[in-house]
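Chain naming follows the written order as A, B, C, D and E, and within any one chain the residues start at number 1.
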């Protein structure tokens, strides 16, 4: 089977500092991948480079089409969704308006409708007409994911969804992601918290110093104390 | 990567020699140049230009205390220049009419100090409400205040003199350094003295605790509060100082031109000082000096060569904003660092770029000059190097289009090369 | 009485003209965060384009095409200029438009000369509509009224009722996120800027012959437009509308009031003979807008109707 | 050799057209002198400098003009500017003996310049504001049905001088005439005069007196016409470029102007030829600044008379000079350097030989509207100090 | 008995209709290390803002060493000996590390707004700055522009600036947010060292840090403190588990 996303020799820079140094990875349709690594190894940058927020060098193929260098809205139109690190909800707009903005094209409705979405997440339904700025951290996280789903993506890149969340809410968010995966959407999950990553992912990539240093299934990963010690702990 | 950065900066702590080179030497050179100029026997018009440059250097440096250092974008800095100038002119009036007494013993040479007091006082009054806010709000308040004061200038005749303005005479009172201040050559010494002194003082200001905190306030006002400073107070004090130095420049101008009109308070000169400072490079201390020299020259001499000098000025400004946000000083510094780091190769691409820009400029200049002459309707024809360029002739259009295409094409090519080569 | 009626009428017309100008700026300011210093220059371009077009083919074609042309110039400005500086922040954008204002002024002087051009009210509208207290009221002013109101309604619908409005507003604070959701933000920005400029152009078409079409028209009205936008409140169309009318009325009434400070503050002992006493209310008119600007910024930085500080 | 004359006046902005018209007239006059063998054998060259009607800018330009070798400065637009130039020229001449500069003023008519502030280095070739106001107030006095007069002008020394003269002279000559309004507006900044016209209409004035010029004149008249204000407008500068177009048919018979010339006055053939030549060369302008020709001619004569083009010699020669001009005798007073020339009150009319601004309308006057040069003479407080 | 280092009395804060802080009472003794935990949006950062003068309370009072500071501006509070750090790094990015710390030192050494002295010549200021840099382990990077610091070092610098002024009461808002396990350990060691003898109040989501560092813990939920006590008490408190910790035990962190 063709991979849905295929990254080959991806490089990226911030000014003069070389952050990604030849990243390779692939994701199959419907697959859930976890991307692990220490702080600052370039996981978020990988996500940003794929999404066109950081200028990439190298090849990024999505559904067989080269997307490196495309504007981000074009990438989105091809079916790539992105939930960035900082969530970026539109705080002054209502929850519903936020969801409306997730729709790329009013004429061709996607798999999910706003109403369905709200059914799926009763927390959001209760606050549908509140400004999104007042939501709690966990709810904001749910809203961003729903908003991305409104665009009917085939692959979502989610960056650190549980960062800064209270332990209890971390759990909720994990469930949400699992739910989305069940609907057949492929997911690239950038995560620090192993318990969640290993629970949902089908495969794990470990990143170090701007490149991939290990990949395998969660079970294989649990065996590899050495990988864990070398690349995830200092 | 971070390790590399650390290495690069590890020996950043400036040595004493470096400190001398960076902080003392430029001033010594600056003063030396100022002293040497008269040896070349400048003409009267050269002196008028030099005097105007000196005034503008101080004015722009004072503006940069706000824009570059404190991060305050003001559209009304001429207010302090103007009020300082008016204060000085009124003082000159007192000196003229004094027989003995206090004013009888005040030399006109000291007028910049009166200007400083006037500008600082105005800064203290106006800064009080406006410094409570930074950013766009500050910019808008400064614009409103400038318009307000300029309008008032036309209302209070006894202070501002209405349309006529206020005139004075610099040849009164005691002489200092044996300067009668009559001939323009003597005024030059006066201007040079105050320019160098003010530049030194403004530089010294950047090294004081207040000067440092003003930069900190620009970068992060919130944090400043949590290390015990009141950002409003910091801004306010810097504002007063900047107003004072602007007033000092106004005092210099009062002695040089012996007249001030309410227009001097208005938006136009405020805009001009903004352009001078920005074009020169607000990030660098020497930027405004450079900007003042180049722009004053353009203003007084380029305007003799071409009526469209303001158009060129606008083009220059926009180009700087778009491609060289650190201004002329930034370009010079970049050239210096680039050459030191990568040697001749850098110099070569740089030279290539200059050539490309020059080629493109030919097209722009021909277009503008031919158009200006046509629009004047005096039937004048643009005749550079004996060419006869009328709006209708194909040669004109060739000279517009070909250089533009070649120049811009070359620039594009260079930009692409650079993108491919560099990181 | 008649003074009141006429000041009211004239003030409203002047206010509407200001509104036409500032609505475009409000649009640009609130959606892109760009304080477009060149906005009044686009107004001037509108007037000059209309002058040229109408001298060839009449006013009505100018009314349509001049704003479109100005809009295209604006869009091009955004595409090849503003977009480049965007990364350097709002101050850089502001300075860019500041320089642009200079440039447009000079180009206008070269193309159309340094002095005013004879751009006139169309003959069809050049008649006194009615006479009141012995004064004629030109029909063209009522025409201005209609155009301004039509513009207000159209803009309001555009802003409040469409998803495009939502996208633009979201793109202001989170442009990258909006891009990731599949919206072409640069094109939206370009359109907004173009439309904003076109609105200024429309104001120019209408104001150019009502007032004067000369190279100074931009700089003389530019600052007042800022006052309107700031006083009205950032991004608030209603605010801009109210502020425009307020300013229009204030300035017109001030001119028509025949009193000096001595008359008003006489009880404080201020005499006709002192300089301050001799200042008339009428002579205060030009500075009123700026007084208002400074006061508003100090007292209520978000303006009359705005929802955020500038 | 060339005699360089620095022309310092607005060439852009709201008063640009006025300055530009002056420059054209100077260039034309200079060409004429050069064709006739020059000024005492020297070619005359006009160096134009744009001052934007700003006194300080004017001084910068003055410095430039002097640096470029101009020893004669001409200026007219704005008494504010003239005041600064007089001052600066005086200072320059004391500081640079032997290198003097002479200021020839062709239109700045604040009476102070030939009274308290008179200077040896300044000559005025236009009748001052008082002299012209005498003519206008006479006209008001003659018209029995004018009982209320409205004064409107620009807020600077000249505008104030006009208002003061009008008040003083009306009080003296026609005590029954009431001044129902005395308004000063900012110089060159008003774009819409409708509110002012509104005030004029509601004041029930029977006539309006204004010293407005340039754009301020054009826009004032434009607003008056569109609001239907049809009382007589007594102006100093109704002939400002652009005003005629703004006035149109509706202003016929109700706008008046006091000046040293209108092109429909009976005059010599030579003068008519001159007017034709001028209007042929500049089809968009009219022969308006007759006094510029007088200025250049008198300067030429002074040069011939003294055989020198030194400013001081020319100044000496100009003092008391009497010339037989195409519209009557013209004298340069020696005691205050003020010209005495015949003045005319003309009315805007549709029955003229020479129209203005291609409108088929123009300025006309009758013999009764002529004031002889001698009659314009006023007392002076000048105490001339000669070098 | 001396006054507590910090005393909050019936503190309320509303933003418009939203009541964020609803009656917080808390006393913190001198030298105590106190942690505040609670779900997202509970109002922890808001509480810090109220204490440090960033916001003014709607009602209630804040006392620092017995003095009411609830209506003071941040800089006034700071001068009275209370200093805070930020949840999101908030340093002077254009300045070098040394200059950053120096900004923190200047005021406390009496050089307020002076403009007649060269900072370079202020001996004691330089010495104090170096001492602090040494203390937090940034001395090697002293001349590096702060923007170029790695993330963990930026957080360290954040703490360095906070302690530079020598304040007796230190507020740290999620100092280890975004740090990995080992970085967190180092940060905790640093915090312990740097706040020796001072009063420390810390907001954290990392339970390892909280339970390792704190003498006492308060749990803030919906703007109210539902429990205060020693770490063991809090860990066992069913209400805290319900509102904050959730069913899962302490999270394994990579």
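Quick note on the criterion: a residue touches a chain if its C-beta (ideal position, glycine included) is under 8 Å from a C-beta of that chain, and two chains touch if they have at least 3 such contacts.
To keep track of the chains, here are their UniProt names: B = Leucine/isoleucine/valine transporter permease subunit; E = Arabinose import ATP-binding protein AraG.
All values reported here derive from a predicted model rather than from experimental measurement.
Annotation of chain C and chain E: jointly contacted by A, B, touch as defined at the top. Most remote chain with respect to chain B, judged by CA-atom centres, is A.
Centre-to-centre spacing of chain A and chain E amounts to 32 Å, using the average Cα coordinate of each chain.
Measuring from the averaged C-alpha position of chain D to that of chain E gives a distance of 76 Å. Chain B and chain D, compared by their mean Cα positions, are separated by 39 Å.
Put simply, the C-alpha centre of chain A and that of chain D have 79 angstrom between them. Residue positions of chain E with contacts to 2 or more other chains are 150. Across the assembly, chain B contributes residues 2, 5 that each touch 2 or more other chains.
The part of chain A that touches chain C in the complex is made up of residues 51-53, 71-73, 75-77, 81-82, 84, 88, 90, 92-93, 97, 100-102, 104-106, 147-148, 151.
Those residues of chain C that touch chain A in the complex are listed here as 163, 166-167, 169-170, 173-174, 176-186, 307. For chain D in complex with chain C, the residues that touch the partner chain are 11-14, 16-17, 20, 155, 181, 183-186, 189, 191-192, 194-196, 198-199, 201-202, 215, 219, 226-229, 242, 245. Within the complex, the chain B residues that touch chain D are 43-45, 48, 154, 162-165, 167, 169, 171, 182-183, 257-261, 263-264, 300, 304. Chain D meets chain B in the complex at residues 54-57, 59-60, 63-64, 66-68, 78-80, 83-84, 87-88, 91, 95-96, 155-157, 186-187.
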